Amino acid sequence: MELGMIGLGRMGGNMAERLRRGGHTVVGFDRDPKVSDVGSLEELVERLAPPRAVWVMVPAGQPTRDTVHSLGKLLQPGDVIVDGGNSHYVDDQKHGDELRAIGVGFVDCGVSGGVWGLQNGYALMVGGEQEHVDRLMPVFETLKPEGEYGFVHSGKVGAGHFVKMVHNGIEYAMMQAFGEGYELIEASDVVTNVPETFRSWQEGTVIRSWLLDLMNRALADDPQLDEIRGYANDSGEGRWTVQAAVDHAVPLPAITASLFARFSSRQDDSPAMKVVAALRNQFGGHAVEGAKGADSPGADVPPPPV
Amino acid sequence: MELGMIGLGRMGGNMAERLRRGGHTVVGFDRDPKVSDVGSLEELVERLAPPRAVWVMVPAGQPTRDTVHSLGKLLQPGDVIVDGGNSHYVDDQKHGDELRAIGVGFVDCGVSGGVWGLQNGYALMVGGEQEHVDRLMPVFETLKPEGEYGFVHSGKVGAGHFVKMVHNGIEYAMMQAFGEGYELIEASDVVTNVPETFRSWQEGTVIRSWLLDLMNRALADDPQLDEIRGYANDSGEGRWTVQAAVDHAVPLPAITASLFARFSSRQDDSPAMKVVAALRNQFGGHAVEGAKGADSPGADVPPPPV
Amino acid sequence: MELGMIGLGRMGGNMAERLRRGGHTVVGFDRDPKVSDVGSLEELVERLAPPRAVWVMVPAGQPTRDTVHSLGKLLQPGDVIVDGGNSHYVDDQKHGDELRAIGVGFVDCGVSGGVWGLQNGYALMVGGEQEHVDRLMPVFETLKPEGEYGFVHSGKVGAGHFVKMVHNGIEYAMMQAFGEGYELIEASDVVTNVPETFRSWQEGTVIRSWLLDLMNRALADDPQLDEIRGYANDSGEGRWTVQAAVDHAVPLPAITASLFARFSSRQDDSPAMKVVAALRNQFGGHAVEGAKGADSPGADVPPPPV
Amino acid sequence: MELGMIGLGRMGGNMAERLRRGGHTVVGFDRDPKVSDVGSLEELVERLAPPRAVWVMVPAGQPTRDTVHSLGKLLQPGDVIVDGGNSHYVDDQKHGDELRAIGVGFVDCGVSGGVWGLQNGYALMVGGEQEHVDRLMPVFETLKPEGEYGFVHSGKVGAGHFVKMVHNGIEYAMMQAFGEGYELIEASDVVTNVPETFRSWQEGTVIRSWLLDLMNRALADDPQLDEIRGYANDSGEGRWTVQAAVDHAVPLPAITASLFARFSSRQDDSPAMKVVAALRNQFGGHAVEGAKGADSPGADVPPPPV
């Protein structure tokens, strides 16, 4: 089928290429004229025959919001927009409502697959009305991996990015789980063969997984992780996951602990622990009326008499 | 080679059978005379030619401790004991020290593989001195899965059970990660196709794993998990993991959160939350001097004037 | 000075009364004509001489937003609004910006003190420009408790509700701390005198506090908390605290754990733990290729042979 | 009454002094002959008339265990030992059992009060049999603060140290609560008067407490805590609290988070976060088959086209 693709970077460009190889007609637009098929959004819309389908593949947040708003002014009733970026599901719901009011369909699509997606396909998580998803199915069929997995229509508008967000929250906790296990094993004085241990777990264990495979790739290159600082960014989707949990009154202790561990990893010094240290100092000799450091009597008593 | 096997239940019996199929000579002892090759530990020891190797496959804790102590009295310098149960690594260290004093070797071996191990092999994590591990390698080679994974000599005595323990701690957090993700998705009002979503994740995602496969098996049978109560036991190894972390001053927030979630799942009512509720009640009208429920002014103020 | 007070419920009514006792002139408006001095917001504004000061004391969220917007249309440059409810600081910032644009001042004020505030004064946490706070100081001086504590100008617009919000977050973790301590002591088989223990802690300990006093009041009435269910609501400010922390990349493990404990306390069954339980079931005998429940070998092995 | 006191350091020496001022006869023993009344434990025991009472006030762990064992050999049926140090309740139970077997009583006593205890009294938490506690009541009455609080007989042998341990666990979470609140307020861009805010909370709030008073003392000296590193030791009792919780299957999320925050504060780099960082690196361009960093597509897409 015919599709407009906005954003022809590593992701959008490869997806356009995979679609063309699959027999689709893709009109691409990018700020970079060297890769763009058209000179403007207006021209892109003109080049497509109604009812149009336009895939937005630009950074989440303001860039996506700006692009969707601009498209909304150019498209006609019966057209449909797909947001394939990493948008917040709350943005999707606003976009869906705004576009519905003018008769334009909206589908959100969480995409996983990266640089190997061109060859192997992209895992797709889709939210939107059945009619719009159906219209786009030829595109989804070409983008997804072969086989029975890797595509889902998860629910209403927002559902695609919601489940992609939760996927990433789960990912945070799984990564943290391997990190914590590694740290405890490293701290042990009986375990001497740490990389070999993780390597052996790749078969026959409960925790075998793609992340374990990745971990073993990392340990193969750098068996003690000497080249790596314990400093981890977060992408925003982990934060959204925790905030969605708070909004829905869902307890998320392991995922939240994983997010907080990343926050802590980026601190040179912890203001919270300054307070704890300051309070411990206050337990000392100049303490106020009636005061005693609850955990210091041991330090006060003399060496043993025996 | 020749091996004594103590405990011929589902695990020990199948391991003995896999060893025999692999050409080893196994003399088995079990309390149940119907499956036992010998009538007593004494007879088992007599039947083996020195230097002997005896594999103990009985429940962790007192049964294993009793068995190791009894064997210690019967064996001779040069013999070696393998503890293949789920023992605490601290027990291993005691057993190793006691047996070393009388010239008997000790190897601890964490085993994973269950009912499919007979056919597919068992993942083995081993701790002990190189000389003793080397002596037992023919046995390990037969028990382990084919291929390059599934066996590791992790370190000194205790290392095998230590890493098996941590494996289970990692497993706790991974299971919790999927549980939390599921709960948040269930709570969403945009996601309607929950089982389909998890199913689609089996390819092309970061979180693909054996546990995700298992989860999809569960959802295939019972798509809303209606037949299942949110009640989870813990095996002891999760507890040991947290206690080892505390002993080693290693922060383990995600794994510990996962253990605590299991504890909470087994409570009809939470005494801690009774206190929180009681404190909130105290914020009410009869509260003491200067008191005000910090979060109740909203409830005090009248309906909006507009 | 002269002040308009919108919302004459338990909080607003008592604050108006304390202000009158302190010599101020208060014109009150409430939806309930029996307690209202005027019939409408318009009449309230007419009755006040410019530059006016109007205190809004209605429920947080839409009611407060509606009231502030309505007032914004009635007031003149030089007037000032105080929001004394439990508003989200993000709302304050919007209100401050909107009103600034039309020359009306905005001050947010977190209030603590409840039913005893009339007599003992209210703790006040204020955000806003110095000039507006200065104008309102006569009112704050009358409302606050005697002595050197209980009033602070914490910063810009939003700062008052921000610090009140964090105050409540701290409160959550302190309540949780007492709850957890109580539960652990209750679980012990050596401690038999639980209420007496908490009672004794009111002097000479590190944890003496107003919350401990409240807890002892609760235990005095109901020594085993038999009358209380472990079910705790949350007020919204705990949620905002966690969301603000996520926004600011601040790790907040203890406060968040306290919020999540409240969420869990309200669940009949935990969907997350259903997943954990379902996964554990999958470890059983019908498990898939290569699978073995990591924590089940203990259950598989026979009774001890000795 | 007559009491032997072993360990005459800051704690034991002051307690002996307070007892003497209260009319008791104290025979003190210390390794330091300059402060010791007797030259040996043997001489101390000889100097006391049966039935004797001996208070052990030496460091917890091996020193206390050694002292109790030595005393056990010297005392007679009807004598009683008090352990006033910071012992683990598990040690108490062993000591109680051993001494009961030879007719010697054992009482464990958690002590709070520090350098101000001499003047103001010590908070005492006691475990043991009623008969032994009764015998020692004259001593407890003199040591405790005046008034109705500060002494409790919490239960059986071990109960005194158990509740003192939990007291410290609660203390950890309360300190963490203030630390987290401080950090979030510091991170805000609307709050400019941080020390003033905490200072104002000392009256009229829910969180007023002795720890808040201490925090304000610290902030008065060092308003931005510039002189303090966010590095916090732990005393052992926090660890025991968590381990006791795990033993009793009691979820302790806030207290455990507080302990883990201390562990983390002492790490230069986090091995767990090295793993997380390494895994994130693996998501990059050279990733394996089918792989894509779930949280990186945003980085892959081009700048916005508008």
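Every chain is named by a letter (A, B, C and D) in the order it is written, and numbering of its residues begins at 1.
One rule holds in what follows: a contact is a pair of C-beta atoms (placed from the backbone, for glycine too) under 8 Å apart; a residue touches a chain by one contact, two chains touch by 3 or more.
In this text the structure is predicted, and so the values were computed from the model without any measurement.
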Subunit B to subunit C, fewest steps along touching chains: 1
Rotational angle, Cα trace of subunit A fitted to subunit B, multiple of 5°: 180
Centre distance in Å when subunit B and subunit D are each reduced to the mean of their C-alpha atoms: 32
Distance between chain centroids, defined by C-alpha means - subunit A, subunit D (Å): 42
Touching two or more other chains - residue numbers and ranges from subunit B: 112-113, 117, 120, 122-123, 145, 167-168, 171, 176, 178, 180, 183, 187, 203-207, 210-211, 234, 249-253, 257, 260-261, 264, 270, 272, 283, 290-294
Interfacial residue positions of subunit D with respect to subunit A in the complex: 6-12, 29-32, 41, 57-60, 62-64, 66-67, 70, 85-86, 111-117, 120, 122-123, 145, 164, 167-168, 171, 175-176, 178-180, 182-183, 186-187, 210-211, 213-215, 217-219, 222, 225, 228-238, 253, 257, 261-262, 264-265, 269-283, 285, 287-298, 300-306
Touching residues (chain side subunit C, partner subunit A) in the complex: 203-207, 234, 239, 242-243, 246-247, 249-253, 256-257, 259-261, 263-264, 266, 270, 272, 283, 290-294
Of all residues in subunit A, those that touch subunit B in their complex: 89, 93, 112-113, 117, 120-123, 125, 127, 144-145, 147, 149-159, 162-163, 166-174, 176-178, 180-181, 183-185, 187-188, 190-194, 196-197, 199-212, 241, 244-245, 248-255, 257-258, 260-261
